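One chain, subunit A, appears in both complexes that follow, with subunit B as partner in the first and subunit C in the second.
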Partner chain A sequence: MNSSNLGKIKVSHPEKVSKPWTLQRGQIWFSLLAIFGLFVWSISRVDLSVGGIVEIFEGWPETRNLLSRMVPPFIPSEDFTVITKAALDTFFIAFAGTALGIVLGVPLGLLSARNLMPFAPVRALARAIIVFSRATPALVFAICFVRLYGIGVLPGLLAIGIHSIGMIGKLITDAAEEIDPGPREGVVATGAGPLQDLYTGVWSQMVPTVISISLYRLEIDFRSAPILGWVGAGGIGLILRGYAGSLRYQEMLGITILIVVLVILLEILSAITRHALLGKTETKLPGKPSKFLDLFFGDQARPGKKVADWMISKSSNEPKLKTRNHADRTLTPPWTRERVKVNSVGLIFFILLIFSIVIPDIAASKIVNGSQKLPSFIARLTPNDWSWFTDRIFSDMVDTIAIGLAATGIALLFAVPFSFLAASNTAPGRLVYLISRFFMLLVRCVPELVVAVVFVAAIGPGPKTGTLALAIGMFGFITKLFADSIEEARQGIRDGVNSTGANRLQESVTGVLPQVAPSMVSNSLYLLDVAIRSSTILGIVGGGGIGFLLMSAAKRLYFETLGGIIFCIFVVVYLVEIIATWIRRKII
Partner chain B sequence: MKRNLSFKRMLAVALSLFMLTAVTSACGSDDDSSAWPSKITFGAVPAEDAGELATLYDTTMSILKDEIDGLEEIDFFEASEYAGLIEGLIAGRVDAAQFGGFSYVLATQTGAKLDVAGVLVDGPDAIPGYRSYLVTKPGSDVNGIDDLRGKKVCFVDPGSTSGFLFPSEGLLSAGMDPSETSTDIDPIFAGGHDVAVLSVVNGDCDAGFAADVFFVNKDGGPGILVKGGDINGVIDDVGDDDQNPENADVRIIWKTEYIASPPTAINTATLPADFIAKFKEVLNTKANVDYALANGYCTGTPEENTCSFRDDWGYIAKSDSFYDGIRKVCEVTKASKCD
Partner chain C sequence: MNSGSSSISGVVEQEGSTTPEKNAVEVLDLVKTFDNGRIKALDGVSFEVPKGQLLVIIGLSGSGKSTLLRHLNGLHLPTEGSTSVLGKDVSSLTRKELRSLRRDVGFVFQQFNIVGRLTCIENVLSGALGRIWGPRLSALMYSKNMRSEAIDQLERVGLADKAWQRTDTLSGGEQQRVAIARTLMQKPQIVLADEPVASLDPEISGQVMDLLVQCCIEDDITVLCSLHQVDLALGWANRLIGLRSGKIVLDTPVDESLSQDDVMVVYQQLDPEGDKTGEYLETFEDSPS
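Right, the complex of A and B next:
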């Protein structure tokens, strides 16, 4: 809603009260129509128009045959130790990987902030690294690192870490650029040097944001780590691939369920931690609507919320965060409950980090050896000419975009009605609301690549399968976002609609939907961006798109092609992000 | 709030448009397994030593289309894993497929109705087989398969013939359990032949298995990894496959038996018997370099030419029993689904 536009409404005659067609409104509608057209195109491109859907149903006897070979899912007891170790490895990969992402991403983020780094070339370099890490999927880094560092936990950890730099760096930059200059001026006025200014004037303001970003990233990494083993980068994905490869589908489904349970558990733990550290205060990240973060935190917080509330119930004041860091030199802050709690969480994290590095037995020599090969590996990845760019790569890139679009479109189709059931103020009953919320949580905890593995087995490889798998993942995210928007709809307007005698459906469509439409559109665009990122790697497990050529170039040791494809992915993902951000700015 | 009404209307129009497009773009297809097909689907997975997947079999496809009456179109089905290919065959989505030996056996035991259409070989009289080598570092104290006890051993993939099945048999014969849960050795699945070897060089594994072509090519020259510069050289303790032995990063300490070359399998559930007979006849008499050169499918000499039968000479006839050796190993090793 743009208030300046609202102000311009001129009611010339009573029956015409629509908003005038300003240039901005025209741009928004044009963009939305264009995206809608793209949705329609993408559905037929991935063969999910009616003919394609009919084919899926025609193939039902075969699919049923295969599904019957998947149930009952079980985890063989003789493999139990191996699986436990793999599950632990996955945890370590995600945990240490995120830590690496923070260690590298925070400085890079600060370096690319306009108000902190005066030298433009340094900012540009830092920003370039951030953009590249963000646009390249962790699984792609994993494929490369497996060749450099060998199989196991190390390449997975590094892949998660390097990819995490992107998001952490970007959010840190945004946060740094929006800090209050007041404290800095005060600090500088005392004669503090640049480092003192950075530490006392900047860092102390950013600590809550950094904690918030870190936990947010940790949750994302818990979801992406389980599949890394598919390409040899350690953890539970290795086991999943082993079972899928030898057609042991019952075991494969068993592992899939195990992964989902683990992801749910870890997210609940993370939610408790967040409440313990940050209390009930919402830390809004700059430049993003708070809903954007809730997408990742909010719902996970619900299962753990009661526990977390209980943990902080005794103290009504907001927790002080690591006050020791910026305390007066002569005064040590007292050991309050809050301080003890915050410090013990920090200590636990530190111990976990040590475990994550020590237990998987990561030798420093391996890191050194692998990194020495990095320059020559990058040289091998760099194509000498454009001969790698075949028509096939072009058409698979188009497929990739179509998969992302179609998956978002399908997800939206189901998510809009469902989100009304999952919002507390529009759900027809408490029970429906609770069931819907639980269903949403469950859906969101299944990594889409794991869904794709199961779907590829069940309905065969191809873009159709990848689209369906991705649509399920997107559905979970979209519903969550929409339901939360709906819960914030103003009651007054709804009361007004109700007073005219509208039924529940009329009230929802007229009283609620218009209020939340702008945020829905904006969130959908963000999710489209996410979907296209994911669609670039679906092909690695057989879900269609560029991932297949990526994986086969890696398998066939065609490094120039591999490098070329990574470049293509980067360009497409980055362009989509720019376009989506542009449209969102117009809307918000 | 009038703007919002127009949004609602837009949404309604949008939804109906969406449905309309979906409905109008529908189209159907039908299948009949008893009829002579005009179109078949050929499946393959990317292999380590291969070029662009679809173009690898170009000459094979052209000859099949020209020589089999009524066959007009061959679709190419690419799976990322053999499992996808096997499921494609079982579900009837795939009519013929280029397989691995073990995955062929696995497919027949999982319910795919298959027959061997032919086997790709280097020459009309070549041995249709290859071997898997056990390698370690030159200075390692592992000198044979018996020394693997308690060591970290790299395999390729649980579904790999040369990268797991035959090595497992070797380990069993030496009195060790090769399975994932083994306590005799510490097994690691590398995911690729190249990665298995590189993991040995890195020190991630004390020893590892990989197919012969990665070390030495068919003519005794440098194999894939040596040519690509991934390893500098190879010492062969048990034969004469040395490559730059003075700079060797790996040492071959054991070799498996000859493993039957992978078949081109044909789906007997989707194709009529007379078609399969014709398919086999064309494949095994005409799909080879000699015929292709003589009939203008490609140009060059028998040694250097533009034909694409993968990198090989062409197909020779073999029957299903050719893979009994693999079946036996499969049983001995009690590999998954080998019952």
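Right, the complex of A and C next:
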């Protein structure tokens, strides 16, 4: 009976049983198919199709042999002071670099916000700087700055700072454009000037977002700073490179583990700070009635009566509303727990910042000397013709894109199912959830370039190695975003699906997936963006792609080639970002 | 209904104004269109408000009340006609002059428009920004006298003990009282209140209106307040202007002689369809006679 009814419906309304094709739907499917095709192509390009994987297994005895030379990891005691100093330097590079990024990025971000800066040319200029520093990896800046300022902490600090401007600036612009215009109007209506409006109406609304953005950037910089030393920009990367170069594999793994432990510690520090500063942000919604002191509760409205009474009482010079004695009021903010906490966190950060600048002993003369050379350096980087653009550069650029695509695809393949295990509301059990979360956070703390260093040592250099290393890094990055968005899925919709008698898998697919799909797609496109950016520098440690030529051009002082490659990287990264933004807008 | 006119002039005389201009606000043939003339928000509005008057502008949503008020402190500029506030033609002012006019014209918003994460006192202090030079990042950057003054104003709205609390931890009615304290901190000559109680529940609405009007009377402030409920308007006004589709359809003094029948007339002028007449009648009968 049932089935025959269904059959009837199908026959009588053939046009309604399949979703109609619209232009938007076509565009989405076209993009998705194109991306899938690109992914398949990239897998074969980086040699990770069946044949390539078989090769890895065939080479396993050798790999095992190399891996066995890495254990047990070991940190030589005679180098202890050097390593400690390098680790501290890395911390200072990340910390002071992020501070520099904030100091430069926040004003730039405000200048490029549509609701704050009315002059379009100023906005365009600020936005151009933001886009350029975002699209150029920190390691590329580091390579250039090492040439300018010499080996040491300074180029690392500057590289982190200049690259951080990009992300900070963009997020600040977004945050500024999203603020509630109401309070601004309130401030302007009191007769305040533009600067007063900026501080009281705009900035005071943005403070929590600025803190959140800064801490987020600090975490990212803690992960990217350790590798900067590889190109001579100071810190622990230099030591890692020394051990890798002299084939001291045990020490290499030791330093790798040290880096991971440091990143984990810093991540915890950042999480604690975040909680201390932003933990209590949930606020009561306005308009909610509360118990009210019946101070001014008057009689019900009678036309004009009350007003007339007040006017009479005023004209007869009765005393105004009683005011309390002036002596017992506080004119300074009370030292609440909240204020003590915020102020002490601020003080600690300030002291750390002073340390980060003073201890690495950056000579002012170095800054001046290097900066004087900057204009001529940029001039030398600018190619006169296209002679630098060789076939090798083209094919390495294609490799770079393939590595980014393949790593994204592999990461997503594992991340989608895994994120359901790492979300508290969909995990099959508390234990599974905790283990998955811990594993996820652990993977997140391993910088992909450090993984690449170990993989290159174990499997040998090439795009395949780089792809695998990058895929691991991207997996850690995306799983957290996925799991967090799954945890935000609304329970009500899931209950609805559950009440139809669906099992756990059906419920996850029908109740949760549609809710999180838009954010998953959006995050995946963001992941692609990040992966391509990272893939441009993998070659520096031997992971394939354009990075190798970049590094060798810098070493051999082929400045035109160096400048040309930086330009190529910028174009590719920027194009990917534009395409990703376009697709994201189509889908959401 | 015509018998009340004497009470208004009586009030003005009581004030004994010292400045030469008798009128706080003069609006002449004001027309405002939006969307390249497709939407006509105000259609030839003219009226004068003597100093010290409590004027309530009533009208249904979309009748042009907000647009009218926003013209009086330069948040909107007229398409045609002119608005003169405290003797100055608003549309001809430079930016600097407009800022100085805004210092004398307080504005109370429907959505309070205060910064939720700042403390109450910081929000009140921001009302003094027009009097001082340069930006202020925290309460401690204002002088001690100003902080004391701000607490005085919070005292008047009954919130002195919450001065150092974050404003978004307060209830809606309390937040609007903070906004009123901010406006009073400005020491304005005129207060424009755009639906100040529309997002509050009826009981709290009465309390907030009491507070606003009482403080303004104490400080000799002229009030122009827009409301969409006739019953609220009657309690806190000595003159009533009714707007419908951007035109003034009613201009009447308010006093105790206003009868229920008169109120019905007022209501029908605002809402010619009479859709809500029954509803309105009910609320009126509920109130104590």
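By our rule, the second predicted complex is superposed on the first by the 487 of 588 C-alpha atoms of A that agree within 3 Å, B and C clash if a C-alpha of one lies under 4 Å from a C-alpha of the other, contacts with A are read in each partner's own complex, and residues count from 1 in each chain.
Just so we're on the same page, contacts are C-beta pairs under 8 Å (C-beta built on N, C-alpha and C of every residue); 3 or more make two chains touch, one makes a residue touch a chain.
For clarity, every value in this text was computed on a predicted model and none was experimentally measured.
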Which partner does A:Gly201 contact after superposing on A: first (subunit B), second (subunit C), both, neither? second
In the overlaid three-chain picture, which partner chain does A:Ala189 touch, first (subunit B) or second (subunit C), both, or neither? second
So in the superposed three-chain picture, is A:Ser246 touching just subunit B, just subunit C, both, or none of them (first/second/both/neither)? first
Return first, second, both or neither, reflecting whether A:Val71 touches subunit B, subunit C, both chains, or no partner chain. neither
By the touch definition at the top of the document, which applies to A:Leu442: first (subunit B), second (subunit C), both, or neither? neither
Partner chain(s) touched by A:Thr81 [first = subunit B, second = subunit C, both, neither]: first
Subunit B versus subunit C as contact partner of A:Arg556, first or second or both or neither: first
Considering only the defined contacts, which subunit A positions touch subunit C in the complex? 182-183, 185-193, 195-196, 198-201, 203-205, 207-208, 283-284, 286-290, 292-293, 295-308, 310-311, 314-315, 320-321, 323-324, 326, 329-334, 336
List of subunit C residues in touch with subunit A within their complex: 4, 7, 11, 14, 54, 73, 75, 99-107, 109, 111-119, 122, 126-130, 134-137, 139-140, 144, 147-148, 151-152, 155-156, 158, 160, 163-164, 166, 168-175, 179, 182-183, 186, 199-201, 203-204, 206-207, 210-211, 213-214, 217-218, 231-232, 234-238, 254-258, 263, 287-288
Please name which positions on subunit A make contact with subunit B in the complex. 17-19, 29, 36, 39-40, 43-44, 49-51, 54-55, 59, 62-63, 65-66, 78-79, 81-82, 146-147, 149-152, 231-232, 238, 241-242, 244-248, 366, 369-370, 390, 392, 409, 413, 456-457, 460-461, 493, 509-510, 513-515, 517, 539-542, 548, 551-552, 555-557
Which residues of subunit B touch subunit A in their complex? 1-8, 10, 14-15, 17-18, 21-23, 25-29, 46-54, 78-84, 86-88, 90-93, 106, 110, 154, 157-159, 180-181, 188-192, 194-195, 198-199, 202-204, 224, 228, 230, 335-337
